[in-house]
Amino acid sequence: MQVQLNPTGVLNLLSKLEVDLLQASSSTERYKLFRNCVLAVLNVGSHTDSSSEIYDKYQDFDVKLISRERGIKIELDNPPETAFVDGGIITGIHEHIFSVIRDLLFIYQRHEPTEDELQITHMVFDMLRNASALPVNTDPNMIVCWGGHSISEIEYKYTKEVGYQLGLRGLNICTGCGPGAMKGPMKGATIGHAKQRITNNRYLGLTEPSIIAAEPPNPIVNELVILPDIEKRLEAFVRTAHGIIIFPGGAGTAEELLYLLGILLHPDNQKQCLPVILTGPESSADYFKEICQFVEETLGEEALNKFEVIVGDPQKVATTLKQAMPKVREYRKSQGDAYYFNWTLKIEHQFQMPFDPTHENMANLNLSLNQNKELLAADLRRAFSGIVAGNVKDEGIREIKKHGPYQLHGETSLMEKMDTLLQAFVEQGRMKLPGSKYTPCYVVNK
Amino acid sequence: MQVQLNPTGVLNLLSKLEVDLLQASSSTERYKLFRNCVLAVLNVGSHTDSSSEIYDKYQDFDVKLISRERGIKIELDNPPETAFVDGGIITGIHEHIFSVIRDLLFIYQRHEPTEDELQITHMVFDMLRNASALPVNTDPNMIVCWGGHSISEIEYKYTKEVGYQLGLRGLNICTGCGPGAMKGPMKGATIGHAKQRITNNRYLGLTEPSIIAAEPPNPIVNELVILPDIEKRLEAFVRTAHGIIIFPGGAGTAEELLYLLGILLHPDNQKQCLPVILTGPESSADYFKEICQFVEETLGEEALNKFEVIVGDPQKVATTLKQAMPKVREYRKSQGDAYYFNWTLKIEHQFQMPFDPTHENMANLNLSLNQNKELLAADLRRAFSGIVAGNVKDEGIREIKKHGPYQLHGETSLMEKMDTLLQAFVEQGRMKLPGSKYTPCYVVNK
Amino acid sequence: MQVQLNPTGVLNLLSKLEVDLLQASSSTERYKLFRNCVLAVLNVGSHTDSSSEIYDKYQDFDVKLISRERGIKIELDNPPETAFVDGGIITGIHEHIFSVIRDLLFIYQRHEPTEDELQITHMVFDMLRNASALPVNTDPNMIVCWGGHSISEIEYKYTKEVGYQLGLRGLNICTGCGPGAMKGPMKGATIGHAKQRITNNRYLGLTEPSIIAAEPPNPIVNELVILPDIEKRLEAFVRTAHGIIIFPGGAGTAEELLYLLGILLHPDNQKQCLPVILTGPESSADYFKEICQFVEETLGEEALNKFEVIVGDPQKVATTLKQAMPKVREYRKSQGDAYYFNWTLKIEHQFQMPFDPTHENMANLNLSLNQNKELLAADLRRAFSGIVAGNVKDEGIREIKKHGPYQLHGETSLMEKMDTLLQAFVEQGRMKLPGSKYTPCYVVNK
Amino acid sequence: MQVQLNPTGVLNLLSKLEVDLLQASSSTERYKLFRNCVLAVLNVGSHTDSSSEIYDKYQDFDVKLISRERGIKIELDNPPETAFVDGGIITGIHEHIFSVIRDLLFIYQRHEPTEDELQITHMVFDMLRNASALPVNTDPNMIVCWGGHSISEIEYKYTKEVGYQLGLRGLNICTGCGPGAMKGPMKGATIGHAKQRITNNRYLGLTEPSIIAAEPPNPIVNELVILPDIEKRLEAFVRTAHGIIIFPGGAGTAEELLYLLGILLHPDNQKQCLPVILTGPESSADYFKEICQFVEETLGEEALNKFEVIVGDPQKVATTLKQAMPKVREYRKSQGDAYYFNWTLKIEHQFQMPFDPTHENMANLNLSLNQNKELLAADLRRAFSGIVAGNVKDEGIREIKKHGPYQLHGETSLMEKMDTLLQAFVEQGRMKLPGSKYTPCYVVNK
């Protein structure tokens, strides 16, 4: 099966130098990344979240760029069939391919690795701007929704209902753009927006090359940005958010929560106005108790004040956030800060620098309670980040296969808390999509 | 509770003469109709389909028009709360109020009763045009979906899935705009359209003053037209349709099917290209068998050729209709007929003239098999129409309360067939929304 | 030469009944009017202002409507060539043809002659609304420009410069839509609007069937409305105006000034906020002195207070009007009146009723100073209106040819003043376009 | 006088790093360039074309950027008054300021000097793309108009008439965006476009920092791009052009013509489809004879075949170009080349590399007929380029003041031809705007 896609979007205006950057002939590394990202967005509706499995399955998939007088055509060999309806590609997926090209070209051409905090933040800004994902003259309305890609049917319906209530109130949705808690709020909001005749509705998906295959963007996402790594993706989340909802999830959700708390605990962010709500259906009440306990015991009671827990009440979640928007607006205004990008949020170096979850790096994490809370949050974040990699990322899975599970070391009492939490994730089926038995990619050494 | 709605839409441009037409002071009859229609569109989400019950419940509801420099404001006293989110009216419902005003003013000012076939058709056209519901330069894509307002959860999900598949294929939806099978396809299509980035999506709702309270338009409907009576509403359905789907339903759905078959059986419509599909989930297979049998035994085998039955396959329904669109286009082109309005469809006098379901008129229907098929279809249509009135329409319910059930007379064999069919509707809970025991508003005298 | 125009605009959506109304076969009278109006808008750039000459010249011109699946095509036989560029019709002119059809259908279908003041005003409103010429949510910005169709090059340049200054200030232009002072302001404003990036610029042309051939709408006019007669045209002018400029002109301009003053002198209009400026280049200073003198001597000093004269200063004209707009807004708001239509302006019966300039009616005008000022203004208006008819209108020219010039009778002193003024118009070449010697169509009997 | 401009356009989305680049505190050189360009676009309507005079006159002019929550505000101290209407800045000029910021930031951040031909072309492309000046899905329609900034009234009217005829045919205009022959075609086209209801009309202005003060962009220009130097500006002209008109002009126009011929004479461009027309009113017939003679005697008869001369016939100019557009389209298509950017046009190194008109460089030009035609064209181009600099550019004027006129040396016969041509430019007043006596900035040493 071979398909040619007509040029639209960014593909209308590529220079020859740029097309060359994405050709198989140019650089194996760059081309492979490009091919894999395109494959990932085509593979939406996939029933596995193992990146390596996906890449293995579609070995005969290929993508080529062909110059034409009205722009560049894309030729796909053996693409996944789920991306097509009666032979035509779903427009949303078509657009996602352009986003891949746009962002990879940006990364290849305009991104040079730097350790400078200002430059890193500028780069996150520049990529969002380049993707037209920074709306001007718009009051705060962007709700970032985090939560598991593998959740129960009841939890999924709940995320839809929350999305519907947000949509009815004119709020927009940003997620990691995969299935589960990343898809439900967008679907619900679509119906809410339709009833309110909101046509400039935004379904912002933020992803990165190593996670995109495991969490392919659902086609409702109408603004897709592929940041270069998980740390820039996280920075993009918190700087575009006007409010954050955390639904039940597994290791990835824990990573996000720890990242967020680590930042909000910074003294400079004391006065930041960023409402955070943990929510789920009645049945997830215990889950949140466990999470709160873990947070309290590791980051202290102060951390509990950074968020609110609402159980089983979608309307209250939406109303609470809606009512917080004028305060967010007021705060930004008082700081002379933009509404579309939270420049004043302080993000320390340890949260910006990419963490490479090698076995060595994972083993060397400082997992002891006896240290500064922010540094602890940073290393806990890294630990969960590594577990996500071992669970679903291509590189991570291959490493685990080669070297066995990650070894986590640290203070016994902390190790026990982590073990309990991780064990709960496993039992509740939050680590991986259903369909196979989960084998942990880590060992908690108490 | 008192709410003022800002002028937008048609309310921006009313002349003083027109405002007067809608004031309580002007004419009791006109004002009452106006008030009741506004109440009906506000009452979406209602759990009853009894118009009289609704009107009785909201006796303290009132609506006034107030002149302002930028147009006419609407003042609502004691409106139903379900129309509001955090104190603001849902935009979709706001728009529906304008549609009520636009169409009632049209009916009051520009509609004079006529028996002339051409004039009646011109009026249906003129109302749709006045409502901007006739898109030009658009290829055929409007699928009319009929079916019950009271259906099972499984059937409802099925109508959503069909709508989703239609939406993915760029098809639009027209329904009677109430709950159940009138709402599901629009909800599903909304998600399908979002994935295909279709922004000029049309969710056309066609209703009439006497049914609007029992079947309040759901707020997804983005083009609402209130035709003056059920016959013009039916004509609007079949002249705007490029394809028709009939989901399971009760007396109203039977009325629609008989109206459609009565027209399609006319010799002049022999070559008309108008695909009709009866469809439902696996569990409704028996229901369709019964319907087909009734049709065959009353209107003959020829009538069975006018539609196709597809059970349990939403994708096939959508693909079949999608593939028929070029044929519809070709046919219209060959006749020099418009794509947006089927002028060439022949509709006989007996299907155009309003039928008033008084006890006398119902008793006088000619329900015998021994007559022209079209005339039989017309009288059968009237019989079911009357039952709908007795079930859910304000006037009908009050008449039944006063005079007892309608008496249907006719040829014994036909009477038995009707009784069987109606009995099935009752048993399957299709006559009324769940929540109360159904007492038939008719007696079939065998 | 035969040309077919594709359906667009109103032609996309005509019913068969409506098409029939405009066919040659239907009614000689209606078809002739339709044909002549279409010919008139095609004949822009014509060098004569004699309607009868134009109609005589294009006797082989014909227009037909042809039904097609996507709407109605127009077929033109032997149209004037100036309407075409390289074989294609100029889009502005194409649109004007649709305006003709839209408005004639309105007049044929929805306009029944009435003497009721409210109904007449409602009809003017209804025609403007039907033409989408009533913008909502827009602050006052419409400047009506009156003035001669036959003016000097210096005067023409001056009207362009005034238009440019108005355009730079975001003001829109409404004129009688012919050449000379009706075209210049629009051309100038086009450049001003372009520099200010104003894209919703309005160039409103108000005309009527008997004048349209003598003053064909220039293609810059992007909203053309053909009112049924001169009196409704004048009412449309004053009710849509937020400010009025009067450039030098002849009998038609005098008619407009007298109509305006007759209305503004009404006690009910005492507080009306409607700025009026008479303006022209330095060289027209004397012209305005004469006009002022005539006004003072006939309508009294009070009438002089209703307008301001500015000579040779386009920027001051524009700034004066721009600064008056907030006052107009304030006044309308204080009255609860619409911004887009001046409902509260009182227009007496004698200014609304159509005046038919037969020789008898002209001879019977009461031209004496010894009467109510408003009645005098009304009859003076009629006298000048008749002279316009005798100069350029088809019917008028033919009547004059048949019966000789109109005989105007009245009080000697008034007769002398009129004679002086008319004589000046003749000498300054304001009665007719240059190219022939002007023979007066009237005799002033002193 | 101090004015603050609200953020719109690019100013809504600047990062702090970018704002710093344009602050006075950052770099004297960059800030000065920024300030001068802003001053230049504000100074439209200026009566001098001496850049140094302008900069000297507005020494107290200052521009600052101020961060605000909705973007960056611009603060102007003592701006030229002609940019304002009743205290508000003209929107077109407001936009031009954004273009300055956008393009200078591009040059500062993303432009590194290179000698690589492909990279230079990519950079020209990238700047046009970044300015949204490359329309996709549009058939060829961009006519580049070259010609003098100082031309006679008759010539100016002629350029307007040509622009009007181009506009009527849906063609767009690109010029160097100053006064004279750069403004007339845009003004004329504005009227033509208005009559054709063309709303996506493009008035593309291409300039560069050293010429922008002498030729300030007129506010009709709705796409302004400031290329880094004259060579990239010329490349932008010829790669975006689908047709080229050359009106009478002086040294700058001669530079453009020689640049164009030098390129078109390249063997690789033999088959290029790029219509070129030299045109002017009847009175300029002699001027074109002189030009043709100079071309023939220097570049040979072959060069005469690269263009057509049309005298006194605006309609023919427009029709000729309109009819050539399908051929341009066909050619691009046959080459798989974009319509919006002529990638296949070969531009040799000597036409791409910036020429710095120092006295030394001017003296060293190889002005002898005895060499390759393309090299001769390149050096002749440089000679005229230097004269433009000496006439109107800030740097050039100051150099001439310091070191006296440029000394041009070369083969006697060529020197004589140049002298004749230059002398004619002087006599016809084409070197400088009227108002002062012209002192040549060059000496032709025969």
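Note that the chains take the letters A, B, C and D in the order they are written out, and that residue 1 is the start of every chain.
Assume contacts are C-beta pairs under 8 Å (C-beta built on N, C-alpha and C of every residue); 3 or more make two chains touch, one makes a residue touch a chain.
What you are looking at is a predicted structure, and each value in this text was computed from that prediction instead of being measured.
Listed here as common contacts of chain C and chain D: no chain. Taking each chain's centre as the mean of its C-alpha atoms, the one that lies farthest from the centre of chain B is D. Centres computed as Cα averages put chain A at a distance of 47 Å from chain D.
A straight line joining the Cα centres of chain B and chain D is 64 Å long. Annotation for chain B: no residues touch 2 or more other chains.
Of all possible chain pairings, those that touch are A-B, A-D, B-C, C-D.
Note for the complex: chain C touches chain D at residues 85-86, 90-92, 95, 168-169, 187, 190-191, 194-199, 219-220, 222, 319, 322. Taken together, the chain C residues at the contact with chain B in this complex read 7, 12-13, 15-17, 67-71, 110, 118-119, 122, 125-126, 129, 134, 136-137, 332-333, 335-340, 343.
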